[in-house]
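Heads up, there are several structures right after this.
You will see two complexes here that share chain A, one where it goes with chain B and one where it goes with chain C.
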Partner chain A sequence: MNPYALEAAFFYLFSAMIIGSALLVVLFRNIVRSAFALFFTLFGVAGIYVLLGADFVGVTQVLIYIGGVLILIVFGVMLTHRSYSVDMFNRLGTLVMGAVSAIVTFTIIYYAVRRAPWYSVGYKPALPTTQPIGKELLTTYLLPFELVSVLLVLAMIGAAYLIRSEVTTARERSPITKTGDNDSGLTPEVSSTGVKERGK
Partner chain B sequence: MVDYITILIYALISIVVFAVLLSTVAVLTLAERRISAFMQDRLGPNRVGPWGLLQPVADGIKFIMKEDVIPLEVNRFLYILAPLMTIIPAMLAFAVVPFGHDLFLRGRVINLQVANFDIGILYIFAIAAMGIFGIIIGGWASNNKYSLLGGLRSASQFISYEIAMSLAVIGILMVYGSLRLNDIAQYQGSLWFGFIPKWGILVQPLGFIIFIVSVYAETNRVPFDLPEAEAELVGGYHTEYSSMKFAFFFMGEYANMITASALIATLYFGGWQVPYLHNIGFIFPKLGIFHLQQWLVALIEILSFAIKVGFFLFLFLWIRWTLPRFRFDQLTDLGWKVLIPLALLNIVVTGALMMLRII
Partner chain C sequence: MLVSYLSISDYLILSGLLFSIGVFGVLTRKNAIAVLMGVELMLNAANINLVVFSRYAETGLNGQIFALFSIVIAAAEVAVALAIVIAVYKTTKTIDLDKEDTLKG
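Coming up: the complex of A and B.
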């Protein structure tokens, strides 16, 4: 059997999966269904990566986007009050703007693809990629790698600050809670906001 | 040129692994009931077949014959898809677990595992994350407050333990220098100070404790079975499920337990390794060599792997019927405030010991 034919078949399968589910993400009116359709979009992208021989990137895609981002999205959506009955349909104005930006983006990508010098590497069995990626990250691309880490730490500090500041004001407002013997850290006793005092 | 015989051999291996996995799930359902009964001074199901061994068959027939209720108010599509999204990843995750030495067969090297990926352990983590998604979606699609709470708890539980679990494994990856589970198992056969097998539990004791706690949370087992806490949430995420769909959730949980036990055995207890056993036979330092046939060695290794996995499966049951359940905020506290800092400490200590060439 021609290996190219099999590869092409899988490519079109994954592409159809990505495009179809991405359309569903936009078109579903229910936000949880959108999140679920996003699962197939992200999985399809991982499939394309694996098809290209980038197994590490593919699995990381599943691990981070499905295991991290998507579960957090679903978690957030479920926690939001009555979000699963909200009608998510966009008005006409945003539809026009969306169409314009979609066409512009597509045009840019189309010309980029047309002008790029493509070359074929022929049919090769997939080689291990994990070790080269690790080596490159810690040698050639060390600075960008560390900069991304700094960025992520900043994001974490920002997120923690947003949560903590709210808790502190609640504690300051509450006349009952004592700040001295609070050893639980993240969730101090905030009786004014309805959270019960922890048993001591 | 495609080597059809190799493909055939691996197809055979995957069928055998699948069959063994499914029958272990069946035996586990019985073992859980029998062992819990013994721990509570009861007999447990002992009527169907000798020692109740045919009980899983009876259960299976019962599950298939039961009416398959789909409640009116559920989201039909996701409701039907959720059990599949739980059991399929659970079955897939076992594919990268090795259970024996490479075999040499007329010029071919046969790995005793379904797929020897370069990314090995990352694959298991990724697939496990997909399984959690099935539980969350099942909880939401059921349109039941208990199910929804179960699904929510599953999501919050996942973000509590996942980081700690991955960080704990980084210690192992640093010591053995590979993501491939077969390589990790292979390196654990090397000797430390000339006579101690370099098993993961000896070089990564702290990492082992963090990993085993996280794995109990991952498989939704007591003390972390919050998504289905039957005393609080009726049945949790599978409250609305009946018949074979319920059985799929159940089988998914047991299959996850098997993969988790296999992972604990492979990462920290030498996998298929038997101390001093190499592919030509036993080699004892300063004592000599006992030559063994390749097939005999493979058999001993598979047996050793099965015994290790069996022990950790028993540990799962043992703990289930011994410990009480955590509260979900306690689990999040444990994950973020205890396990993650400890896992980071483990990485630093491992790095220092590797610099000093002790590990």
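Coming up: the complex of A and C.
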């Protein structure tokens, strides 16, 4: 079979998967269903990467987006479960304005892409990319590579700081630091409130 | 000689379509996590662009490495954004974006 026809067939298959499930992501009323539709979108994007000869990026997409980001989003949905019943969409006016904005955005992108004189290099064989990417990351891109790992650590510390338990702030607000110069009569009361805060 | 059925513009139009759907989701959703999903769609569209340019240009793997960095930063962004959403939920007991009007003048 003609390999180009095969590539086109897979391209349209993955495109239909991506666009269809992305529409479901933004149209489902139930947010859990949106999360599951997002799974298919991310998987289709990974397929497009592999089709473009980027096997390592495709596997990274599956590992990080589907294995990490999507799981995080599902956890977020479950931790805020009481908002399930919140009406997912704004009023009709906002819906219309959103649709108009999306259509205008797509029209601009479409005409920009169609009119640009793309320079084509023709057929490039799809070689394995993992080894060259590893070499590039540790030579040319060493500084960005280290910076992005520091950024990842900072983001994790920041996320843990943001959702840390309220116990710490409650104890900071309680006058437990002032008990040192007072008499010991206050201490049981303070400790009891501390216990209460912790129990909450 | 074989002629390719696909050109660079096909991939770019696919990513433009995905980006527009993400724009629609971000603008119309009320649930904060659903807005975050729209942002994820837009980020994926940008990543497709990077990989496509890497495929159709002669400059080696630069585009794919940029896409990898972009994926890592998106993971960090999602972690921080979900932490903010959960902190807001713990404070106000809702993630309905229309009701988060504490800073409204």
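Quick note on the criterion: the second predicted complex is superposed on the first by the 130 of 200 C-alpha atoms of A that agree within 3 Å, B and C clash if a C-alpha of one lies under 4 Å from a C-alpha of the other, contacts with A are read in each partner's own complex, and residues count from 1 in each chain.
The rule is short, and it goes like this: a residue touches a chain if its C-beta (ideal position, glycine included) is under 8 Å from a C-beta of that chain, and two chains touch if they have at least 3 such contacts.
All figures in this text were calculated on a predicted structure; none of them were measured in a lab.
S.K.: Between chain B (first) and chain C (second), which does A:L79 come into contact with in this model arrangement: first, second, both, or neither?
M.R.: In the superposed model, A:L79 contacts both chain B and chain C.
S.K.: Where does A:A54 make contact in the superposed view: on chain B (first), on chain C (second), on both, or on neither?
M.R.: second
S.K.: Touching A:V113 in the superposition: chain B (first), chain C (second), both, neither?
M.R.: Touch status of A:V113: second partner only.
S.K.: For A:L152, select first, second, both or neither according to whether it touches chain B, chain C, the two together, or no partner.
M.R.: second
S.K.: Can A:I71 be said to touch chain B (first), chain C (second), both, or neither?
M.R.: first
S.K.: Output check: A:V62 vs chain B and chain C. Expected answer is one of first, second, both, neither. What do you get?
M.R.: In the superposition, A:V62 contacts chain B only.
S.K.: Return the chain, chain B or chain C, that is in touch with more residues of chain A.
M.R.: C
S.K.: Quick one: classify A:T129 as touching chain B (first), chain C (second), both or neither.
M.R.: A:T129: touches chain B and chain C.
S.K.: Report for A:F36: first if it touches chain B alone, second if chain C alone, otherwise both or neither.
M.R.: Only chain B is touched by A:F36; chain C is not.
S.K.: List the residues of chain A that touch chain B in one complex and chain C in the other.
M.R.: Common to the two interfaces on chain A: residues 56, 60, 68, 72, 75, 79, 129.
S.K.: For chain A, which residues count as touching chain B in their complex?
M.R.: 1, 32-33, 36, 39, 43, 55-56, 59-60, 62-63, 66-68, 70-72, 74-75, 78-79, 84, 128-130, 184-187
S.K.: Can you name the residues of chain C that touch chain A in the complex?
M.R.: Residues 2-14, 16-25, 27-31, 33-34, 36-38, 40-41, 44, 47-48, 51-52, 54-58, 60-61, 64-65, 67-69, 71-80, 82-87, 89-90, 93-96, 98.
S.K.: Which residues, counting only chain A, touch chain C once they are in their complex?
M.R.: Per the touch definition, chain A meets chain C at residues 2-5, 7-8, 11, 15, 18-19, 22-23, 25-26, 31, 34-35, 38, 41-42, 45, 48-49, 52-54, 56-57, 60-61, 64-65, 68-69, 72-73, 75-77, 79-80, 82-83, 86-90, 94-95, 97-99, 101-103, 105-106, 109-110, 113-114, 116, 118, 120-121, 123-124, 129, 132-133, 136-137, 141, 144, 148, 151-152, 154-156, 158-160, 162-163, 166.
S.K.: Considering the complex alone, what residue numbers of chain B touch chain A?
M.R.: Residue positions touching the partner: 2, 75, 78, 117-119, 122-123, 125-130, 132-133, 136-137, 140, 148, 151-152, 155-156, 158-159, 162, 179, 329, 333, 336-337.
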